[in-house]
Structures are given as C-alpha cells and as structure tokens.
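Dropping the structures in below, format is structure tokens.
Two complexes, one shared chain (chain A), two partners (chain B, chain C).
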Partner chain A sequence: MKKISKKEMNKFIQSLMADYTILAPVNIEGIFFFKPVADFQGIDGEYKNSKKPPKEVFFPQTETMFKYKDGKVESTEKVKGKRILLGVRPCDARANLLLDNVFAGEDYEDIYYTNKRENTIIIGLACNEPSSTCFCSSFGGGPFSKEGLDILLIDIKDSYLVDTVTDKGGKILTGEFKEATDKEVKLAEKIKNEAEKKIKSRIRIEGIKEKLDAMFDDPFWDELSERCIGCGICSYLCPTCHCFDIQDEAKNSQGRRVRNWDSCMFPLFTLQASGHNPRPTGKERMRQRIMHKFNYFVENYKEVACVGCGRCIINCPVNIDIRKVLKKILTI
Partner chain B sequence: MQDVQKKIREEARNLLAARKVDLVIGFEKGTIPCRTSPVFVHKEDDVGKLVWNSFCEMNLATYLTKIDKNKKVAVVAKGCDSRSIVALLVEGQVKREKITVIGIPCQGMVDRRKIERKVEGEILEAEEENGKILVKGSSFEKVFKKEDYLYSSCRVCKHRNPSIYDILIGEKVKENTQVDEYADVIEYEKKSPDERWQYFEKEIGRCIRCYACRQACPTCYCEECFVDSSNPKWIDKGVDLSDLAIWHIIRAYHQAGRCVDCGSCERACPMQINLRFLTRKINKEVKDYFNFEAGLDPATPPPLATFSVEDRQDFIDSGEGVKETKL
Partner chain C sequence: MRNPYLPIPVKVGRVFVESEDKTLKTLDLLFLKKEDEENFKFMPGQFCEISVWGKGEAPFGIASSPTEKGFLRFTVNRVGVVTTALHYLKEGDEVGLRGPLGNHYPVDLFKGKNVVIIGGGFAFTTLRALTKYLLDFRQDFKDITVIYGARTPGMLLYKKELNKWQRREDLKVYITVDKGDGTWQGLTGFVPTIVEKVAPSPKDAYAVICGPPVMIKFTLPKLINLGFPPERIYTSLEMRMKCGIGKCGRCNIGRFYVCKDGPVFNCAQLEKLPKEY
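And then the complex of A and B:
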C-alpha cells in the first residue's frame, strides 16, 4: 500500500491540474461545497461531508441539454476536459453506483450523466469520525468502504494511506507516493476498526420491502406525513434521489432545454395538465418517497436507494428521521 | 421549563378529554440533540410526548393552513407563533372558533448552530437547566448561557408574550422594548447599491430552491405559489442567479405587512441563507410608513390589504416626477 504525506498533497494536486479540473470540499461560511480549486490547501479539519451531495457533479441541479439560436442547435452534453473529485465520502461513492443503475443502466444510457462519470476520477476520504446520524453500515457500506471509488485516502495524521481501487485511480499516482510501512498499514487498520465501532445507528433492512408491499393503504402514511411541511430538502440533499424536470426556456428565436432537479415532495411533481393530481396531499407524496427508496428501487435494481449518509436527518426542518421511520415500518 | 411542560401536557389532556379539540399540535423530543420535532397529539394517552424547552424553534402556526380546516385544533404558541395565528385570522385563513391557542411566554429559542460552532466535534447530548445549555460530545462537556446563544430573530424580538391566547401557561415575561431591532437593516441601507447587490448575491446564490423557507412560513400559504405556476410560467425553475434573485425578492415582497419575523424561514434553510434581511427591510418600511407590525391585533387588517384616504401618497409617480400630494 502507498502513502502520501499531507505536505506533498498540494504538489500532487498541482501536477494534476494541467490535465484535470480538481473539485474538492470548500468551506463557505461553515458549509462545504464541492468546488473547483486552484490551489489545494488540504482538506479542512471541520469537513464531515458536503451539504449538497457530489451527485451534482454528474447530475447538476440545473443542466443545459442543448441551446439553439436562429435555427442552429448546439448540444451541451459533453464536459470539457477531465475531472478529479477529491474528498468524497464512502457513502456518497456508493450512492453514485446506485445512480448508475438509473442513468447508465441496461435499458437506458443518459449521455449527459455517463460522459461526466467517465471523465471523472473519484478520490475518496475514509471517515475516521463518523457522525451519530451516519448509518452506512446498515446498507452494506462502511466508513472505509471502497465501492464506487477510484482511490481511497485514509487519514493517518501526517499522511494519507492510499488504497488504490481501480486502474483509473492507479494511473494518476505520482512520485510523491511512497510505500507505506507495516506500522502505518496497521495504524490505518486500527483507525478503521475504531471508526466502524463509532457507527451506533443500525437499521435492519431485511423485510422492509416486504412490509412495504402490503402497506400502500396503511394509516401509517397519514401519521408520518402530518408533521412534514413539504419542502424539498430531503430529496435535494439526498445522494441517491435523482428525479428531474425538463423545461424549455425560450425567447424569440433562441433558447435552451434545461434539466432541473425535481422532488416528489412537491405537489407540482405529479400535477397533470388536466388539473388532476394523483398525489394530492403530503400523505401520498411522503409514501412515494419512502416507497421509491425502499420498495420500487429494490424491485428494479435489487438494492435500497439509501446509503445512510444522514443528510436528510440533519437537515430536515421538522426532524423527520428516516431511521425512526424504517424502524416503525418494521413494527407494522 | 419542566413546569411549563407539565402544564402543556395537562392542558392538552383536558382539551382532548373534553373533546374541545380534535388534536393538539406541540413539540416532542427530537431524535438528535438540540432538536425538537412538531408533534400532532390526537389521543389523551399521547400527551406525554409533549415537551417544552429552548429548542422548540418551529413556528407551529404553519400547520394551521395545511391541515383540514374543519378540525378543532389546539396549538402551542410562543409569541411569534401567536402573532402568525393573528396574521392568519386577519387574512381569513383560519377560523377563531376552531383554534385553541395554548400561549407560552417565550424567552427565546437557542440557535443550535451557534453552539455547534463553539465545540470541537459532534454534540451527542444536550440538556437544559436554569437558563444554561449543557452539551456533551465524545471528548468534551461544555455549558453555555442560553441568552448568549439565541436565534438572531429572538434577540431582537419585542413580543415574547403571546398576542392572543385561550390558555396561558406560565407567567408573562418582561418585553425587551429597548432593543434596536433594525440596527443591521439601517447599516445595510447605508451601503452602496453595488455592495448591497454583492451581499444579496452572496446569500441567495447558494439557494437550492427546496422551498423550505416557504413551507416553514405560516404566511406563505398560497394554493399555488407563483414559482409553481406553469401557465404562465413566471420564472424559470433552475438555480441560475436571476431566477434565484426573483424568487427571493418576490417572496419578501409578498410578506409586506404580514411577516412577524419569527425566523422560521431562516431556521429551515439548509443553506443558512440570511433570509430575514429582506423581510425585515420590508417590515421596517411598513412600520415607518404605516406604523404597523403584523400579528398584534386581530381587528386590524394589514396595511397592504386595506385603504384609507389619509394614506401617504407621495410615492405615487404622477408622470411629472415624484411629488408630495397633500389631501
């Protein structure tokens, strides 16, 4: 296994800048965003995870699909150049794999998404200090999970231990990377074990889908949706939510077609042109969100559409806690 | 605090037992420290869920326009929640006879983010005792004086006591009449247009259009919000700056003479946008022009929903430039 000293990280990053745009967590007034960096100063000590999940790098909140002017159409599907996404947490890397099912699956390929995925190398950062709201290990992930990453960095104080996951990742390693000592590898192992123990939240996921199969008309949804105020935080900040709305923005002979994030928590999401809304109240909308993640997605892709990142728990204005919801479902 | 909590439970039990209400909306313990969650209590057996502490930050009046309006509801109301209820009454959105206001004189709610910034690591436990907030993490234990960590809206609040109530729990508190509530708005007004725009852009530029601000706001109850209209489509749906700007400006304008400055919008915002600076600027205008503050009197309609011949009209441009009109 290799290592790189934190002091050498900037040199490594600088050497990549000629060929790649580097997106790393940037602290803006206490909120972390993945933004292009020109000068890498290390990962901020306060960094737990980004507010918006890194899905936006592949599936931006607002994305122009094509533009036109005076009869000429210009496609905007391809990203210019290659990118490196640095500091991604293992939960979010797993989420990208779930999104691949939808945007790069057997049935359909979304070229806007796959082009960005193919041109991006993901360098992950293991979670030495998972939060109390983290429950990644319930879904087969973990604070040191490598799934969906090209490289995993493990913070061992003055250096990062480097776990090269894919050839794509291995190819970018430079002379700054040295062989790690046995002691360092053992230290990383110890940190990993401790981190895994720090995840106290555990959700039993077995049986949830089957419970939900029989729950479409259950009064549970009334109770659950009562306190929900119907904002889009849980879906917009979720690393696996992926619904969108396509709009045309036109003025005279020029315009563009845009894809924007949308949320099943909004009434407009299902409002039909006739005025009829098949999901008229919060109850149906809340049910849809839970069903999609823990039933329909499982039906379609054999996996649950949740990675346990805890963003919806931390950010919900009324403290609706998905862990509590899932536990309750199992008791019904 | 404990006394208030006990009395809330007692009153809720009595109201439900006597079938005076169908449900009680209050707060329950949150699943994470420094949080509570709104709770809908339908049965006497569940009144034990109700809590009262310095983290009861939601404005519960927001639910009154979202639930079945035929239901008889009791709602736990701080000063600001009660003012929002008044604002809804004045606008004919709720029926007084359907609502039982359990008023609670408020001493301000604690801004958990302010406390989080003062500790190294995650807060795993929080307790409250005699005006102090005790927080614990895996490697720290700290005590904070509650009044130093209040929400900015609570710091400038002049109406801590409920403006209407059917039941009052606890003693009325002394109002903070001396506070200069618009000091920061006045500072903002002094900036150049460019500086003001820069600040506005910095704040709203991170908006993700989740509409949590709108949903948390009791007076944002339009059946169809202008941003959701698709025919005509007033604004585009993305996060381009021009669309974000229009959303935030119109949202603030629609609150003129109606916003009670509870701060719910800002607390709900996941991006921690200073949403109150626009609404407070408008609140200040309404106060300066009409000497009106929303939510204090159920008999007085908001200035923009009424007309008087004595109203100032000097802002009307007759086409010959703005001039003073004397009646």
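And then the complex of A and C:
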C-alpha cells in the first residue's frame, strides 16, 4: 500500500488538472455537491457524503440527448476530456455497479452513460466516521469497501493511505507516493475495524425477496403509504434509482430532446393517455419502489438495489425509514 | 452499436382517415435512407417510437406486415400532444422513428396450427400486421379465424381490407359492431359474445387477443371455457412508455418491462405477474 501526505495530495491533485477535470465534494452552505474544482485544497473535514449521489456524474439530473433542426438530428453522446471523481464514498461506488446492470446491460447500451463511465476515474474515500443512518454493511458493502472504485483513500490524519484497486487507477499514481510503513497499515486496519463497529444499523436481507414475493396484495402497503406525501426525494437522491423522463424542448422544428430524473412516486409517471393509471395511488407507488429495489431488481440482476447510503432516511420529510420498513416486512 | 435513442428520418406517405369521428388516422411512413430501410427488420407485434419534431415522441404498434415492403403503417388515435401533432401531418412531412422495439407474436409457434385472432376497437393495428403476415405465408398455417369488433361500423379500422378478407375462402372473418346503423348487415354484439357463438376449436390452435381491457377481461374466460390453455392465448399489453428499451422504468409489471420483455405475453405468463396493468 502507498501513502501520501495530505499536503502532497493537494499538489498531486493539482498536477492532474492538466489532463483531467477534477470533480470533488464542494461545500455549498453546509451541503456537499460534486463539482468541478479549479483549485484543490483538500477535502473539507465536515464532509460526510454528498447531497446528490455521484450517479449524476454519469446520469445527470438533466441531460440533452440530441439536438435537432428541421429533421436533422445531432447527438450529444460524445464526452469531452477525461475526468476524476474524487472523494466518492464506498456505498455510492457500489451503487454505480448496480446502475451498470441497467445502463451498460447486454441488450441495449446506453451510450450517454457508458461514455461518461469510461472517461472517469473514481477515487474513493473510506468512511472513518459512518453516520447513524448508514447501513452499507447489511448489503455486502462496508465503510472501507473497494467495489466500484479505481483507488481507495484512507484518511490516517496527516496522510492518506492509497489502495490501488484497478489498473485504470494505478496509472495516474506517479511521483509523490511512498510505501506505507507496517505501522501505518496497522493503523488503517484499526480505523477500519472501528468504523465498521460504528455502523449500528443492521438489516437481515435474507428472506426479504421471498417475503415480498407473497406480499403484493398485503394491506401493509396501505399502512406504509398513508404517511408518504409523494415528494419523490427518496428516489431522486437514491444512488441506485435510474428512472427518467424524456421530453422535447423546442420552438417550431428546432430544439433538443432531454432526459430528466423521474420518480415512480409521482402519479404522472405511469398515467396513460387514455386516463388509465396502473399505479393510481400512493399505495401502488410505494409498493413499486420497495418491490423494485428488493424484489424485481433481485430477480433481474441477482442483487438488491440498495447500498445503505441512508439518503432516503435523512431526506424524507415525513421520516419514513427504509430500515424499519424492511424490518417490518420480515415480520409479516 | 447504434445509439438506441436516436431516431432515423422518415417521411409521411399516404394518410388515411379511418373512423367516422376522425379520431383514428392511418399514416404510412417511408424511409428516407436506403440503409435504414435495410436494417429495419421486424415482426408482427413490435412497435416503434415516432418523434414529431418540436412535440416529442410516443409509442405505436406497427400495423403493416414485414412482407409489405417500402413503408411502415401506423394507426394513430388522437388523444395527446404527440398524437394530435401526428394527425396534423401531411404527405411529405418528416418525422423521426425508433425501432423496431419489443418482442413479437410467436408466429413460428403458430406454424402448422390453427390461429384465432380476436381484436377490438383501434387495438386491431398489430393484429392487422399479424393477419397480413399469416396470409402472406398462408400454406404454413392451418385455419385462420379473425373476430373483430368495434363500437359502430364507422369505427372499424381497415374497412376495405376487411371486405377483401371476407371474400377469401381460406380465411374466416367475423366482423361485429356494438350497435349497427341503417346499412349494417353484419353481426352485432360484443366481442366476447361473438367468440362464444363462433366457438373456435382449441384443438391445435393458438389465440391472439388484443383490445380494450374490458373486452379482454370478458373474452378470456370464454376462450378458457372453450378449452384454450392459457399458454396458447397471447395478448399485447399497453403501458406508458418513454425509452422503449427497459431503462426509464415506468412500464414494468413486476420484473418485466413491457417495452423490452413485451408487449406480447401469453396468459400463463401474465397469471404469474402482479395485476398491475
């Protein structure tokens, strides 16, 4: 394992800017967003995780798919330059792998997504201080998980230990890196163990899919959806949610086609032109969200579409807690 | 690989008003590029997304058969922004097309079998494609029966073609309307009732049914009573769709996306899915 002092790290990141756009967590009035940075001065000590998941780097909230004029279509699928996404938390890195199933799948490749994935190197930052809403370890992840990362950084106070995960990541590590001492590696191990212990929430995932198999018509969904106001924030800020809307913005025959994040929590999502809506009330929509993540996705891709980042818990205006929902499901 | 979100350019050929209330129009679309036409390989039951520039795109079942060359036929019910814009198009206007999308009727399974085609209202579009396809390979199939109903004679699609079909001896055609007018000499009555009366034999037979939900709901039990097993009854589902390739997330029934895994399902498959359509 390599190491680099935080000071040298800043210089190193700065040096990468000649070849890469650096996207890092930026503190905007106490809320963190991944933004391009022109002058890197380290990762803010207050940083826990970003408000919007870094999926937006590959699957932006709003994205132009093509422009058109008088029937001539010009695609905007090409991406310019290479990018480094710095400071991604292990949960979100795993979420990208889940999204790959959908967007980079065998049948139809979503080239807008895959182009951005290919031109981006992801440098993760291990979670020394997981939040009370974190439950990544329930779903196979962990605060020091390397899945979906090219490089993992471990904060050991004045320095980072640098764990190279992929060749793609290894290629950029030139110059300022020294070999970590045994003592430092042991320290990192100790921080890791402590971090894992700090995650108090544990959800037993075994059996949830099978429970849900038999629960489509259960009264549980009525009860659960009563409190929901259908704001959609749980799906907007979910790192594994991938639903989108497609709209044209145009004047006469000139315009562009855009896609925007959409949410299964909205009635218009499934409303048909005839007026028929297969998911007409909050009950069906809440059921769809839970079923998609813990049943349908599991059937299709053999994995649960949740990484335990806790964003839906933190941001829900009516305090719906997915951990409690899952625990309840297991008792039905 | 081609970007599946980019439409290819096509232009409007023949435009035809199908229904007396003018809400149903048929448009033939012509490829503008030879290579697009050559690459466009489809089967009856598949659909396309049609883009009207400046308005957006919407999904439509292909009403022509792959055996008909040089054009793709779509029948459009005027209900929303895109369909209204499509109704205003004239011959020569350019639109965009994505497809073919989704799966198709399993015509290979139908080979050497009897086929019963049951349609209602303007859902007859892909059934027209299927019937035409079967007729163009007539020797590959045994008896073909078409049962088709609409509210009034004036709401029937493809009237001229239906007349031609009715005169054929290698095809049984039953056209019914809920309510006749002064000149109507055909059958009257709802589709389920006619199916019961015609009583097609389930022996060596497949049924394909497409229509408004209420028609399907009452026709299915009739077919089951006649002895058709659920796995030999096929239908095509409608859902709100956007991407057409199983990514945008709105058209799922359980784990299946109607746009990608459907729209054609057999009733045995549907029985295993949640009733959310």
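Just so we're on the same page, the second predicted complex is superposed on the first by the 329 of 332 C-alpha atoms of A that agree within 3 Å, B and C clash if a C-alpha of one lies under 4 Å from a C-alpha of the other, contacts with A are read in each partner's own complex, and residues count from 1 in each chain.
Throughout what follows, a contact is a pair of C-beta atoms (placed from the backbone, for glycine too) under 8 Å apart; a residue touches a chain by one contact, two chains touch by 3 or more.
This structure is a prediction, so every number in the text was calculated from the model and none was measured.
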Should the superposition on chain A be reported as showing a clash between chain B and chain C, or a fit?
fit
Determine, under the contact definition given at the top, whether A:330 touches first (chain B), second (chain C), both, or neither.
neither
Thinking of the overlay built on chain A, is A:317 touched by chain B (first), by chain C (second), by both, or by neither?
first
Report for A:77: first if it touches chain B alone, second if chain C alone, otherwise both or neither.
second
From the CA centre of chain A, what is the angle out to the CA centres of chain B and chain C, nearest 10°?
90
Does chain B (first) or chain C (second) touch A:229, or do both, or does neither?
first
Examine A:245 and indicate which partner it touches, taking first as chain B and second as chain C; both and neither are also allowed.
both
Does chain B (first) or chain C (second) touch A:260, or do both, or does neither?
first
Please give the least Cα distance, whole angstrom, that chain B and chain C reach in the superposed model.
6
Once the complexes are superposed, what residues of chain A are shared between the chain B interface and the chain C interface?
245, 247
Touching chain C in the complex, chain A uses residues 65-66, 68, 70-71, 73, 75, 77, 102-103, 105, 107-112, 216, 242-248, 250-255, 257, 259, 262, 264, 269-274, 276, 278-279, 284, 288, 291-292, 295-296, 299-300
For chain A, which residues are in contact with chain B within the complex?
28-31, 33, 51-52, 61-62, 129, 131-133, 223, 226-227, 229-233, 236-237, 245, 247, 249, 258, 260, 263, 266-268, 282, 313-315, 317-321, 323-324
Sites on chain C touched by chain A in the complex:
1, 3-7, 9, 51, 53-58, 79-80, 83, 94-96, 213, 238-240, 242-243, 245-255, 260, 274, 276-277
In the complex formed with chain A, which residues of chain B make contact?
30-32, 35-40, 58, 62-63, 66-67, 113, 117, 121-122, 124, 206, 208-212, 214-216, 228, 230, 233, 236-240, 267-268, 270-272
